[in-house]
Every structure is written in C-alpha cells, then in structure tokens.
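Below you'll find the structures, each written out as structure tokens.
Two complexes are shown next, each including subunit A; its partner changes from subunit B in the first to subunit C in the second.
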Partner chain A sequence: MTKGKKIAMYVFLILASFISVFPLYWMVCAATNTSADVLRGRIIPGGNLLVNVKNLFAAQDIGTALGNSFKYSIVLTLISLVICSLAGYGFEIYHDKAKDAVMSVILLAMMVPFVATMIPLFQMFSKAGWLNSTIGFILPTISTPFLIMMFRQSARSFPHDIIEAARIDGLSEIRIFFQMFMPTMRSTYAAAMTITFMNAWNNYLWPKVIMTNAKSVTMPMVVANLTQGYVTDYGMLMLAVLICTLPTAIVFFCLQKSFAEGITGAVK
Partner chain B sequence: MSKPSMKLSLDKKHNLTGWIFLTPGALLILFMSFVPMIKALILSFKTGNGGALTWSDPIFRNYSQMFKDTVFIQSIKNTFFYLIIQVPIMLILALILASILNNRNLRFKGAFRTMIFLPCATSLVAYATVFRTLFANNGLVNLVLTKIGILSQPYSFLTHVWSARIIIVLALLWRWTGYNMVFYLSGLQNIEYSVYEAAKIDGASPMQTFFKITVPLLKPTILLTAIMSTNGTLQLFDESVNLTDGGPANASITMSHYIYNLSFKYVPKFGYAAAMSFLILILVAILAFVQMKVGDKRD
Partner chain C sequence: MKRKLMSLLLVGAMTTAMFAGCGSSSDDAASTDNTATTNDAADASTESGSSAEGGKLTVWCWDPAFNIFSMEEAAKVYQKDHPDVDVEVIETPWEDVQTKLTTAATSGDLSSLPDILLMQDNAFQKNVISYPDAFTDLTDSGVDFSQFAAGKTAYSVVDGKNYGVPFDNGAVIACYRTDVLEQAGLTIDDFTDITWDQYIENGKKVLDATGKPLISMQAGECDLIMMMLQSAGSSLFNEDGTANIVNNDTLKVVMETYKELKDTGVLTEVNSWDEYVGSFVSGDVAGTINGCWIMASIKTAEDQNGNWAITDMPSLVGVDDATNYSNNGGSSWAVTSNCQNKDLAFDFLASTFGGSTELYDNILSCGAIATWAPAGDSDKYAEGDDFFGGDAVSAKIVDFATKVPSNITGVYYYEARDAVAVATTNVINGADIATELQTAEDTVNFNMQ
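This part shows the complex of A and B:
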C-alpha cells in the first residue's frame, strides 16, 4: 500500500472515531458545566457537577427511576437467559423434524414488529392487572427468537461426546445442561447478556405504554420527561443522559471481548 | 432383545426432554407474539373510541380510511425515506470500516474499533436527547457554524422539514454504523486471512479485493444486517419522539410514532391503530422476503 493511501486510511479512521466519540465526550463535559457554560459552547469539563446532581435529584425522582430500571432489566436478563438457552439447547441437541418445524415458526416471530402486538398486549396486561409491574415489563421480551437462535447455533458446536460421557456417568439431562453446557458457553451467555440487558434498559416504547404510574417509571422515561418542560437546564439534562448511559456502557465494556466472540458464533 | 427396546425408550425420553426444554420459550413466543398478532388482526376490523368497539362497516373501513389519512401517508413516506437513504449508507460505511479494521498491519486497531462501536452503548432516548441539544437553535452546531461564518444567524434545524429529516438520518448513522461493523468484523474473522494475502500477491487492488472477496464472502452477514436494519427502521420510534417530536407538523413522524399517538396520546382509536400496525407487519414480511430472494440469487 502506498504511503498516501495509508495516510488517507488513518485520516478516515480518526475522523470516524472522532465523530463517534465527540457527542459522548460533549455529553460528559456538559454534565459537569452550568447551563450557561454549555450554551456558550464550553467543551472542557467544569466544576458544576455537584450542583447539577442536586438540581436533578430535586427535579425528578432519579432514585426510583434508577431502581426500577435496574430491577426490570436484571430480572428480565436472568430469566431470559435461562429460558432462551434452555430452548436453544433443546432445539439443537434433541433435534428432529417436528422440533425443526417449530423452530422455523419461532423464527417467523422475528418478523412481527412490536407495534403490531403492542395494543393487544396492552389490553391483555391491563385486564390481568399487570400495568406498572415488573412482570408487565418483562413478559413480552423474555423469550426472543434471536436469543433462541443464538443459543441453538452455539449448541451446535457443543461436543456430543461430552453429553454421552456425562450420560454414562449418570448425570440427568437437566444437570448436563446446567453443569456442562452453561459453563462451556460462557462467551455466548456474555453476548446474550449484553444484548438483553441493553435492550431491556433502553426499552422506551413498552414502558411508556404500561408504566402509567409515576412510581414505576424507568430512566429513559425520566430523560424524555426532562426535555418536555419549557425551561431546560442543559447541564442537568446531560447529567441525566449520562446516568442513563453509564450502566449499559459499563456492561458493554466489561463484556466487550466475550460479546465479539459470542456474535461470531451466532453469525457463523 | 431388551437392548433395542431400552434404546428406543431412551430415545423417547430424550425426545421428551427436548420438548420440555423448549416449551417455556416456545409458549412465551406463542402468547406474546402470535396470539397478540391475531388479536391485532381482529381488532383492525373494529371501530370506535376507547373501550367500546364494534365491527366496522364495511369490514375494511379502517384499511380504506388510512390511505386517506394524510398524516399516515406522510409517516409512510418518512419511514421509507429513512430506510432508503440511511440503511444503504450505513451498511456500506460499516463494511468499509470493517474491511479497513481487518487489516493486520493496522495500528491501534482495538482503540479504533472500540471508539467506533462506542455509540451503541448509549440508550436511544439518551442519544436522541444529545443530538436534539447539539442541533438546537442555541446548540453547539449552530454556535460553531455562526462563529466560523458559514451561517450568519442560527438555523433552526429541527423546525425545518428537510433538515429535521436529515438530522434523524445522521443520528441513526451515528448510533448504528458501529453496531453493524461488529457483525462484519466477526464475519471477516471467519474468512481465512491467507485469501487476502494471496490476492495481494496476485496484484489485486484494495478495491478489487473488497468487491471480489470481502463482499461475496460476507453475503450471509450482509443479508442478516440488511434484514435487521430494515426491520428496525420500519419500527423507528424513540428518535422520532425524542429528537424531533415528529415535527415540524408531522414532517418527520414515523409510522410507529403515529400509531402510538393514535393509541395512547389522544382518545384511543385501537381498531384504526391496529390496522396500521398490521400494515407494518405486512411490509416487514414483504421486504424480508424480497431481501432473502435477492440474497439467494447471486449464488
């Protein structure tokens, strides 16, 4: 490769990285500045963080929203991983014609857009008394075709010899799953966990539909509410955005490596 | 003769175990996707406000009515504008970035990859709020543009029809390019690197390598990302609500946003909204089918 081309490549990458990072950098800086400084275009961190924290917690019930978001997302992720991996394992390890047929029907559900099921789900859930509840938040997205497919794919690379050996040792089928499959497929679980937690945390449409009570709101809903008012304190607003972003960013960074490995397994 | 029968019963037992394992997941999908979908179809043939719904007369009234609904027509146009402009640009950009980052001699590869993927760690509401603030009348973009003299006075990006739509496209590109890039990078890792080295020895230009090796070998992944992005774009909601609020005057509203407004913002028109949502379902199915056909053809 010529030197000119090489330089062009690096310039392109640096530009792409700058565009990707700058809005986030700006958000972090704005969270530490006064609203007036933000409007003046200050793009270095300031000393107003604690004042913004105080204002934000006075304006909105951040504690409740954060608690709810963590509760909904963690419960959903744990249940979802167990149910989807169990299903994916079941479809692959014990596969036969009937199960393959059921799997293709499940894959069809990937095409069903959420807006098409949202209204009946809302009617069903309000009749069942599940508005403003954790079960109402999690039930529609516990089992997703994407995750089942992902675990089915990874079960394909799980050696049958291990299963046979475990059976000879007298391990029951469910224990083979929990004691052999789960520990072996750590990277798939990490990828699935990242995806599920992020989707749950970031979900906005569904909680906006069913969380009608102020005590049940989630963090993204609070951020959206903050921009609805007339007077906007930009420092405070960006602090809320930052708080809303941190949990998913942390999960992502902790699991980044396994995430890439898990995705590789899923698209093979 | 006891051995074969024991094997048979063991097979039966395993078969049953498989069914037990997959039942919770399968039942949840049945009751959370397929049952509501059928309920939505039935609902789409009913009319009325709030809870009191009756069969519409004629039965397709909701469907014929929605094609006379100017806001709905506008929302279809907007959604397809986002789809046709944003998805190809994003996928091409992601492919280019991935093939550059796949180069073994590149330095700081990990740092570049992490930075470009970083936007995916943000929540949709969060990044929409950041973009809304950056492009506001008194936001940073206007400040910079007026300071360096490109604009004489702040331009109201979010209240002009085309700039509002283009900002949604820019925001989507920012959020999702890195996400698709990761899929391509994973796909590229499955391609033997020696293929690239052989091409280099044979004197293939980077352009030729890209079109003759990378694109054909990544076809399944490209198909997957194309279907996922199409599906996602047809369901756009968060950006429309939080970035432009569908405005100015519904000029940037998406189909999902309009359906939400009809169902939950004003007096609920569940039947009418369900008919629209069913149209989206049909659109998603048709587009996925077309993409799969096109994806198959080049083999």
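This part shows the complex of A and C:
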C-alpha cells in the first residue's frame, strides 16, 4: 500500500469513527449541562451533573426501573439461551425431514412482526394474570427463531466425531450437550447472550403494553416518561439515556471478542 | 424444487389460517368479555353507590411537572373532605396511553384500564368514536360543563354527550421579546389585536433592524396552520365528518399567509421540536406563537427574565369570522368504563377540576391555567408575572380561552393534519395551492375508506 493510500484510508477511518462516537460523546456532555445549554448546542462538559442527578432521582424511581430491567433481562437471557441452544442443537444433530420442515415453519415465523401478534398475546396474558410480572415480560421472546437458527448454524460446525466418541464412552445425550457442546461453543453463547441481553434490555413495546403499574417499569419506559410533557429537561433526559445505555455497553465490551468470533461461527 | 415450493406454500397457508383463527376467536371473546366488564362495573357502582366514602382511584397521566402534579394536588384537595379516598397516579406517556387503550379496547379486555385517564384533546373524539365501550358518559355526572370555555369542552363532546372534564388550557398566545422589538422601534401594543398583514409589516422592520425573524416553526408540522384555521372557526372536517379541505376558503387564505410569512423571512423553519424550543431560548428569533403551555419552555431561559411579553395572535385577512384567538393542544380527563366506583370518580372530578378554585390556585405554579371560568376570577390569577414584565398573564389567558372558536376534530384529525402538513411543505416549495389541497383531501378520503 502506498503512503498516499494509507493516509486516505486513515482519514476516512478517523472520520467514520468520529461520526459514530460523536453522538455518544454528546450524550455524556449533555448529561452534565442544563437543559437550556443543551438546546443552545453546548458540546463541552458543564457543571450541572449533580443537579441533573438530583432532579432525575427525584422525578423518577430509577432504582426500581434499573432493578426491574436487570431482573427481566438476566432471567430472559439465561432461560432463552438454554432453550434456544437446545433447540438449535436438536434441529441439527438429530435432523430428519420432519424436523427440517418444523425448522422452516419457525423461520417463517421470523417474518411475522410482533405488532401483529401483540393483541392476541395481550389477551392471553391478561387472562392468565401475567400482567406486571417477570413471566409476562419474558414469555413472548423466550425462544426466538433467530437464536435457534444461530445455534443450529454453529452446531453444524460441531464435529460429529466428538459426539460419537462421547457416546462410545457412555455419556448420555443430554450430558453430551451440556458437557461437550456447551463448553466448545462458548463464543456462540457469548454472541447470543449479547444479542439477547440487548434486545431484552431495549424492549419497549411489549413491556409498555403489559406493565401497568408503577412498580414494574423498565429503564426504557422511564426514558420515555422523561420526553413527555410540555417542557423537556434535556440534561436530565440525557443522564437517563446514559444510565440506560451503560449496562448494554458494558455487556458488549466485555464480550466483544467472543461476539465477533461467535458471529463468524468458529470452533477451536 | 416444485415440491419444496409446494411445501412452503402450504406452510404459509397454515400460518395464515392459524392467525385468521386467532382473530375470529378473539373477537368472540371480546364481545362476551365486554358485557362481563360492563356488568361488573354496574354491580360495583350500585354496591358502592350508597356510600361514596372510601375507595381508590387510579389515574394515567404523563407529566410529573404538570398534569401529574395537578392530579396529586386535586387528590389533596379532595382528601380534605374525604380522608379515606386514595388516588394512585401511574405515570404513562401519552403515546403509551394511546397504545394501551387501543390494545385493551381491541382485545376487548378493558380490565387493565385505570379509573380515570388523561387524553389529548385532539385525540378525544377519535377514541370515543372508535372505542365507545371504553368510556363513560359524563353528561349527568354532576360536573357543570357550562362553566368551562365552550371551545374547550367541544373537544370531548361526541353526539351531544360529554365524555371529558376539561383540564389544561391550550389557548394560543403570541409571545415577543420586548427588548428586540425595541431595537426596531416597536412595542407590544403594535402586536396586539393586529392582522397577519400588519404582523408581516412589523416582522420586516424587526428583520431589518436586528436580523432576527419574528417566529420559528417546525418544518413538516402544521401547528401554526391549524391555529390560524381555528382562529376563524374553521376545521378540516364538516359536521357530518366529511373532509373540508379543497372547498375550504379559509384554509386557502391560511396557506397563502403562511407562504408569505416564509417568503418574507419573517418566519423561519427549523427541523425539530428541540430546535424550535432552542431558537427562542437562545434568542435567535424575536418571539413565537403557540398554546399557552409554551410559556414554561420560554421561562427556562432565565437570562431573558423581564424581556418577554404576551398578547393575542394576529387575525386572518379577508375571512368573515376571523378572530385573534385560537387553541393548540390541551387535554381532558376521561372516566373509563372499567371504573369500579363511578360515583366516586364523578364526585372527585366535579369537586376538584370542575369546582375548586383552591385547586386551580395551587396548580397555577406549574403553569396549568384553567379553562374553568370561575378560576380566572381568583386573586392568584390577577397577580403579575415578573418574567413577562409584571403582566397578569394567567388572567389574560383565561380571557383568551373564552373567546376561542370551537372546531371539529373527528376520527381522522391526525391523518388530515398530516396531509395538510405535506401540502404546506410543497406549497412553500412553490407548488400550486389548489392542486396540493386536492391531493390532501384525496389522501384523507383514502384514509377514511
């Protein structure tokens, strides 16, 4: 690569990263400014952080919302990973014509948007008494076609020899899954976990429909609350957005390396 | 390949059948369920009818600094005489109120609704007409609707029945930076009781002297268009619900006026609501025209204290019923049919939002100005506001509100509004007004089919 080309590439990359990082920088800055300053376009950190923190905690029950968001997201992520990986593994390792047909139905379900099933779902959940509950939050997305497909793809690259060897050594099928498949597929699990956690954390439409009391609100709902009304306090709003973004950011950064590996489906 | 295609088609058909099945069964369930809820509610109200003492009301509304604050104050006022009554406010953004209401009403399971909910005035008729089972007729509830501003009450009336207790005022005010006007040799009196022609003349003077436009508006929205239209008592719909766009002469005048405002530079368009608020907070424009609730945003610019003044909006030229008064925004309280203790809800609303000057005095601090006429006579409303040069703005706004002509929103208000917004954008870019209005009306008629 010539020097000129290299410079051009770096300029482009710097520009691209600036464009993607700037909104985040602006969010952090805005969280430390007053509402009027944010509107006036101030893009350097200000001294209003503590006031915003005080206002935010006075206006909204952040503790409850954070607690709920963590509870719902973690429970959903753990259960969903077990179910979807079992399903994906089963569809690939024990596949036959019938199971392949079922798989295509599941994939077809991917094309049905959530809003189309929301009203019947609401009716079912309301009758079952699951409004305002963790089970109400997690059940509709506990098994997603996307995750099943992802685990099925990665199970494809899982060597059959290992399964055969384990069977000869007398391991039961379920133990093969838990003791051989799971540890080998760590990176796929990491990727799936990141995706599921983010989706669960950011889920807005469903919780907003079923969470009808103040004790079961989630973080995105709190952020939405703050944008309401005739006057928006932008400093406070940005602080809430920041608090809401941090957990997903942390999860992503921790699992970033495995995430990239898992998406490309590597078996080591 | 053929077999694969066939199986795919079959699977598709199966899925569709499944959903179709779901649909019809849910409809059945809905109708039976509805009757069940209404019966329950009726039972509950007869049971508790004898003793209005005690009980709990749940309320959905959305702004902690405004309507939630007001509802909590109302609870305090009511609890003085009824210590056993508990009011629980659940903070629910307006869009969510709409989503939850739609979900509950279409699924036929109204049990998730609260006793009382706050509804945007513009959406009121739409919701009552679309989901009549979800609301309670308040005509004979004991609330004296004649004491509210007529233009305001009209938003929540369907088929001559009252479904809402008016809450906050959306009377239009014109706000100006007196220090900027001064530089152009003008005062607030030059903007009081004027026409749009005079407004544009004054605007040019301000533009020459200071380089600042008089007003900013959000591009792609038509708040100002709607305010101008209502100021002459005109609506986008006729009484019978048909669209009134192409043959609406007032709308034509409004469009021409708006275009002239934009062409002369007196009005500048910005891209978002945030930019719109930013434009006057940062002093880039010399004023604004909007519902009176905009005062709260203006007041966030503390450094402009004392430099603002309020007056009525300009009137249209060449229109018979033109006035200097209009309305934008505002909301009303609705009682749902899921309310288990209707007598309590009625009594609560009648003795607070429909009967307590004390309440309206208490909530004036958060900017909630009454549409309930007796509140305007209180001493609190006559007090001057230093931010607006010591003017008694609250009393002024109550007075404006009583003069606002009423209009028709109907079921398709938002669709019509969007269509007119598109037309406005095109007209500003040079399109022909008559053609654009025809397109807008076609769009609305298409939506209504």
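We take it that the second predicted complex is superposed on the first by the 251 of 268 C-alpha atoms of A that agree within 3 Å, B and C clash if a C-alpha of one lies under 4 Å from a C-alpha of the other, contacts with A are read in each partner's own complex, and residues count from 1 in each chain.
Definition applied: contacts are C-beta pairs under 8 Å (C-beta built on N, C-alpha and C of every residue); 3 or more make two chains touch, one makes a residue touch a chain.
Keep in mind it's a predicted model, so treat the numbers as computed, not measured.
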Fit or clash - subunit C, subunit B, common subunit A: clash
Subunit B versus subunit C as contact partner of A:M182, first or second or both or neither: neither
First, second, both or neither for A:V112, with subunit B first and subunit C second: both
First (subunit B), second (subunit C), both or neither touched by A:S143: first
Subunit A residues touched - subunit C or subunit B, whichever exceeds: B
First, second, both or neither for A:V209, with subunit B first and subunit C second: both
Which superposed partner A:L131 touches (first subunit B, second subunit C, both, neither): second
Touched partner set for A:H95, first subunit B, second subunit C, both or neither: first
Which superposed partner A:L78 touches (first subunit B, second subunit C, both, neither): neither
First (subunit B), second (subunit C), both or neither touched by A:T227: both
Which superposed partner A:E173 touches (first subunit B, second subunit C, both, neither): first
Stretch of subunit B, among 2-10, 38-46 or 56-64, that runs into subunit C once the two complexes are superposed: 38-46
Contacts on subunit A seen with subunit B and repeated with subunit C across the two complexes: 39, 41, 109, 112, 116-120, 122-123, 205, 208-209, 221, 224, 227, 234
Contacting residues of subunit A [partner subunit B, same complex]: 1, 5, 9, 12-13, 16-17, 19-21, 23-24, 26-27, 30, 39, 41, 43, 83-84, 86-91, 93-96, 99, 102, 106, 109-124, 139-145, 148, 173-174, 177, 198, 201-202, 204-205, 208-209, 219-221, 223-224, 226-227, 234, 237-238, 241, 244-245, 248-249, 252-253, 256, 259-260, 263-264, 267-268
Sites on subunit B touched by subunit A in the complex: 14-15, 17-22, 24-26, 28-29, 32-37, 39-40, 43, 97, 100-101, 106, 111-112, 114-127, 129-134, 138, 140, 143-144, 147, 174, 178, 182-183, 185-187, 189-190, 206, 220-221, 224, 231, 234-235, 237-238, 241-242, 255-256, 259-260, 263-264, 270, 273-274, 277-278, 280-281, 284-285, 288
Touching residues on subunit A, where the partner in the complex is subunit C: 35-36, 39-41, 59-60, 101, 104-105, 108-109, 112, 116-120, 122-123, 126-127, 131, 205, 208-209, 212-214, 221, 224-225, 227-232, 234
In the complex, subunit C residues that touch subunit A: 7-8, 11-12, 14-15, 19, 22-23, 26, 29, 62-67, 88, 90-91, 93-96, 99-100, 103-104, 106-109, 111-112, 114, 274, 277-278, 281-282, 293-294, 296-297, 300-302, 329, 367
